Amino acid sequence: MKTLERLGILTSGGDCPGLNAVIRAVVSHAVLTYGWHVVGIPYATRGLLDRAMMPLSLHGLDLKGIDPLLTMGGTILGSINKGDTLSRIQEVLDGYAALELDALIGIGGDGSLAILNQLATQGNWQFIGIPKTIDNDVACTERAIGFDTAVNTITEALTRLTFTAASHDRVMIVEVMGREAGHLALHSGIAGGADVILIPEISYSIAQVCQHLAELRDRWGRRFAIVVVAEGAHRSLESANQSCEAIKCGMGQYVANEIATCSPYPVDCRVSVLGHIQRGGIPSALDRLIAASLGKTAVDLIANGESQKMVAWQNGHAETVPLDAVLAKSPCSVDPASDLVQTARALGIYTGK
Amino acid sequence: MKTLERLGILTSGGDCPGLNAVIRAVVSHAVLTYGWHVVGIPYATRGLLDRAMMPLSLHGLDLKGIDPLLTMGGTILGSINKGDTLSRIQEVLDGYAALELDALIGIGGDGSLAILNQLATQGNWQFIGIPKTIDNDVACTERAIGFDTAVNTITEALTRLTFTAASHDRVMIVEVMGREAGHLALHSGIAGGADVILIPEISYSIAQVCQHLAELRDRWGRRFAIVVVAEGAHRSLESANQSCEAIKCGMGQYVANEIATCSPYPVDCRVSVLGHIQRGGIPSALDRLIAASLGKTAVDLIANGESQKMVAWQNGHAETVPLDAVLAKSPCSVDPASDLVQTARALGIYTGK
Amino acid sequence: MKTLERLGILTSGGDCPGLNAVIRAVVSHAVLTYGWHVVGIPYATRGLLDRAMMPLSLHGLDLKGIDPLLTMGGTILGSINKGDTLSRIQEVLDGYAALELDALIGIGGDGSLAILNQLATQGNWQFIGIPKTIDNDVACTERAIGFDTAVNTITEALTRLTFTAASHDRVMIVEVMGREAGHLALHSGIAGGADVILIPEISYSIAQVCQHLAELRDRWGRRFAIVVVAEGAHRSLESANQSCEAIKCGMGQYVANEIATCSPYPVDCRVSVLGHIQRGGIPSALDRLIAASLGKTAVDLIANGESQKMVAWQNGHAETVPLDAVLAKSPCSVDPASDLVQTARALGIYTGK
Amino acid sequence: MKTLERLGILTSGGDCPGLNAVIRAVVSHAVLTYGWHVVGIPYATRGLLDRAMMPLSLHGLDLKGIDPLLTMGGTILGSINKGDTLSRIQEVLDGYAALELDALIGIGGDGSLAILNQLATQGNWQFIGIPKTIDNDVACTERAIGFDTAVNTITEALTRLTFTAASHDRVMIVEVMGREAGHLALHSGIAGGADVILIPEISYSIAQVCQHLAELRDRWGRRFAIVVVAEGAHRSLESANQSCEAIKCGMGQYVANEIATCSPYPVDCRVSVLGHIQRGGIPSALDRLIAASLGKTAVDLIANGESQKMVAWQNGHAETVPLDAVLAKSPCSVDPASDLVQTARALGIYTGK
């Protein structure tokens, strides 16, 4: 077993619920089991550039013994979405050396993990990655931290919107996150009782959407509908012109405009852009559980001298995958032939062609 | 005590949580205590024009004995926001007569109650009104149905947004409902820990907002902020030009643009428009309690032969007020000298000049 | 306006959600508006005996700028339920003097406020009280802090229990808090769709309960039921023997046993004792709003040189009442002739004779 | 592809959230994709004995188009926990024949699935099983329906209890469901920040529990604790005498008594028995998603002529397993060497020897 003087941890990319629960697990295991010092690097690689760190200790953030890290969304370390790391690699490596870190655990999406992996190679760091993203598009892991909470948040929003859509016979267009992957839209649409789900991975036509809404009305007497649209669903529109238009006016608004134009009936469309509330919130029990398991396993990997691996969640427990293998397959998009897409169709949800 | 053959009930204006709980209470009391028949008029006055009604009976909507009316947001009767009632008064009166209603209970905001009151006068209807609006701007009642749930919904959204704003050092601009009244923004901003609350009733300057944000940062080291803006806060901008601009690009986006321009520091502003999720949701316990009390009292007033009254919620119980008195004072806006505005300021929240 | 060197604050009696929100408001207003120092006295009067205090400063408990006090239930100051204050009055007074407090704000139920008022009289303290109790039985205030959250918690539990009761055709007996007052049972029972509500203030008979359950079944085809029982409902049983028996086996279990014995049909009764989860939880928006308003007003009263007053919540804003007047009327129980009891009956809920 | 006239569906054993979501998915897929008739058998096998059935049609339970099945806990078909099926097998088989069912989908735990599998063998039924149980102890599936919701419910209760435990420096003993398997206690204890988790599968000593609590206090200054105890944790007590005592007074109360006796410090223990609220509640997004996928897959298996299989959830999608294989390995208990038990220990949670 390896002996470390100082383990660093950072969070990178868009924040999500469960990051603090990972930090808590890493500190707990490193301190209690191995007796290491753990320091947080603020604002991802910017903290390395700035040579900044904050000590993290067990129960160090307690309020009368209550540990808020378990229930707080976001990250106490701060994060950045896009930095200038790649143009300042040597400075980052110098910062890492100056902080005298023996190893680093980085929590990020596939973009952040790729950069950190490159830095680890060049700087000969001992580095372990943990996947997080509400988009759930990191390969080789069933779930990334933050996804389950975001799906629950959107599902609850769909229930709210269903009540008001039904009261006023409206077609409610709900734009959710997902620039390249439609997992969020697909999972929450099925769980939340959507009538239509439009995602970047499956082409669709507005004419078919309108036909589906007309059938809901004519065959089943249902005069309202819920349409879930991933923000990146312009990618699967039929023509480049349409995609341009959709990007210009926002995906949700575009679908509303098109339905209003194409529908054989007059429809009262309203657009809801869920936005940042999808990133916030108290982490779900599952996200906290996965956070604990992945955080614990990452520390064990460090202790075993391993590097450039990602801890993954597969079939109810933590596994280890080489980062190169993960990055070669990421981002991981929705397979149009998958069980869940077929499930959506079995429920009568239009999901494209 | 009066004997009725048929009591009508309708919901009018924008929907909100708690309407179904009122319907449930009215049906229950009318059937169990008085033995009347109750019919629902679909889609407010449009149902009268269409001479449509649906019978409502106790436990009539049960699913294995579970009454979903208590927990469902929206209204099973449907509603309309703006109709052509005023240009078709005689037809509405004829429809009412054709449906052979002995009395009517109408649930609506101040606009709907005014129209229904006028119809009741001209048609000599026995009519009782019940106030509902998430804006809480009906006069003579401490609370309208739907307000408490909407405040809870926004407050929870603010908590979510705080986590992500803090993780990325952002200024999060949150646009909430309230075209003319700022009650929603004020209550949820205080409860949700806002730093700035901008409402239609109190003038403010973006320069002061920026100064406040700078003080948060310089004096307290706080690098993020939550700014709650009522959608109608353009009314209290300093110039007509500014108002025009704010209406054009949306109140939240306008504030974000202005802060980005005026701030002495670079700030990363993000806008969240909460939209229709504010109208949805399972009604809070308080909204259900008030719904039960007001629904019950409205039925008693009908039984006592009263008309053109509104049932109000004052200091923990139902009271009765003449509709004329209510309408003379509505809409009821935020008093800039009120206890709550002073409370916001005591908490260090900027609320305007 | 008075100038203070040091303002003390303590929480006393059973904890509830919203206490930390009061502390936050008091500190904020005292520091920002008046420039005072505020210290917390830990564990109510025990802290005075121990001459202990903790400094409280604005944003002093921040986690990356997030103030957890707004969303944390309980009290960071700690509390005690029953102490030996009354037998050690001089020591408490000496402790107060030793801490060099200029004034004290105490948050408590009617028992705690009575003791603190007595101490203030004997010690010539400047003292302002703020009412808190999930039982809502402090007189002269429409609401005490914690009540709204507890009602929401119980109402949500009733919804959960309704699903499982209906699935198995069970009579679910739900024991809720309320040793002397039935406000919690009454409010949550109405909001949560109970069939029977048994409280300390209204006598009832198990035979009538069974008759009511039989009618639900025979007349409405409803084969399950929800019975909400206040833990102190043994007070309104018909005989001293029954009360003894109920105290011995627990109120919920007693009702279950009696129904099983008296019912003309075989019924499958299950008992749920909600217990301490009623005290916990994130405070509701309304509890946070009231906490802010009462905390702010208490500080203003101190600044104005007032003492031995309680700040109360009446009809949507803070008011001031002499503590003697409050204590003379407390505890404030449910009036059997009140609007809400009649509302429960209008909904077909059995609430006693 | 097989053509059916009539597909039956029943729910058996203790209810849980998500059952109605399965029913909804089965009806939707059978009607929309295959054009079959679907009937519900009320109260599990009792419905077969009674030769009772209820037609289930798409959107048949709509309230203004809103389908409450997605958000309702429990089962609209009703269920029974223990019946006399095994002593009346021929009558059940006769009932099945009388109802002229072509195939049956049964949702149940391992006990119910075993009985239904036996009936299917003897009666030559075409039968597909779907696993549900908040205990999550059905083998060959990562998750049974209801588990995720129950874990979230308990986790939220632990947060509530933490606030009040911390305010009063109490040791809160929380008894959760789990007669033979500790999955619920383990998952929710990790997610909810427990200090001690006691389950049927791992032996423990109260002396070690007390030592752990003392260390929390002495080493970390933490004066409260959360102890999660599975109701069946008497199985892993050290002696038969202790087990008897624990069964007699209830597992939670037993642990409280023992801690109070053994602790070197005076501790204020309180017991919370969560009881039936663990079974209730709106299903989580994940439970709804799994319900949709398993329900859809079960219908496809029927269409393909398969029988005596169970649909399982493995690594994010539905799979098929022979019921014999499932039953041979059920109930599936917590492996003391598993990743999650080690994770709990890494977080400093005492989980037994």
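As written, the chain order gives the labels A, B, C and D, with residue 1 at the start of each chain.
Going forward, a contact is a pair of C-beta atoms (placed from the backbone, for glycine too) under 8 Å apart; a residue touches a chain by one contact, two chains touch by 3 or more.
Model, not experiment: these values are computed from the prediction.
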Any chain that touches subunit C and subunit B: A, D
Of all other chains, the one whose Cα centre sits farthest from subunit D: B
Angular offset of subunit A relative to subunit D [C-alpha, multiple of 5 degrees]: 180
Chain pair repeating B-C, as identified from A-D, A-C or B-D when over half of the contact pairs by residue number coincide: A-D
Separation of mean Cα positions, subunit D and subunit A [Å, integer]: 28
Distance from the mean Cα position of subunit C to that of subunit A, given in whole angstrom: 40
Between subunit A and subunit B, centroid-to-centroid distance (C-alpha), Å: 34
Junction residues of subunit A - those touching two or more other chains: 64, 66, 72, 74, 78, 159, 162-163, 166-167
Touch list for subunit C against partner subunit A, complex: 61, 63-64, 66, 68, 72, 74, 76, 78
Interfacial residue positions of subunit A with respect to subunit D in the complex: 24-25, 28-29, 32-33, 58-59, 62, 64-67, 70-71, 142-143, 148, 151-152, 154-155, 159, 162-163, 166-167, 187-188, 190-193, 220-224, 284-286, 288-289, 292-293, 296-297, 299, 314-318, 338-340, 342-343, 346-348
In the complex with subunit C, residue positions of subunit D that touch it: 11, 14-15, 17, 19, 72-75, 78-81, 153, 157, 159-169, 172, 270-277, 279-281
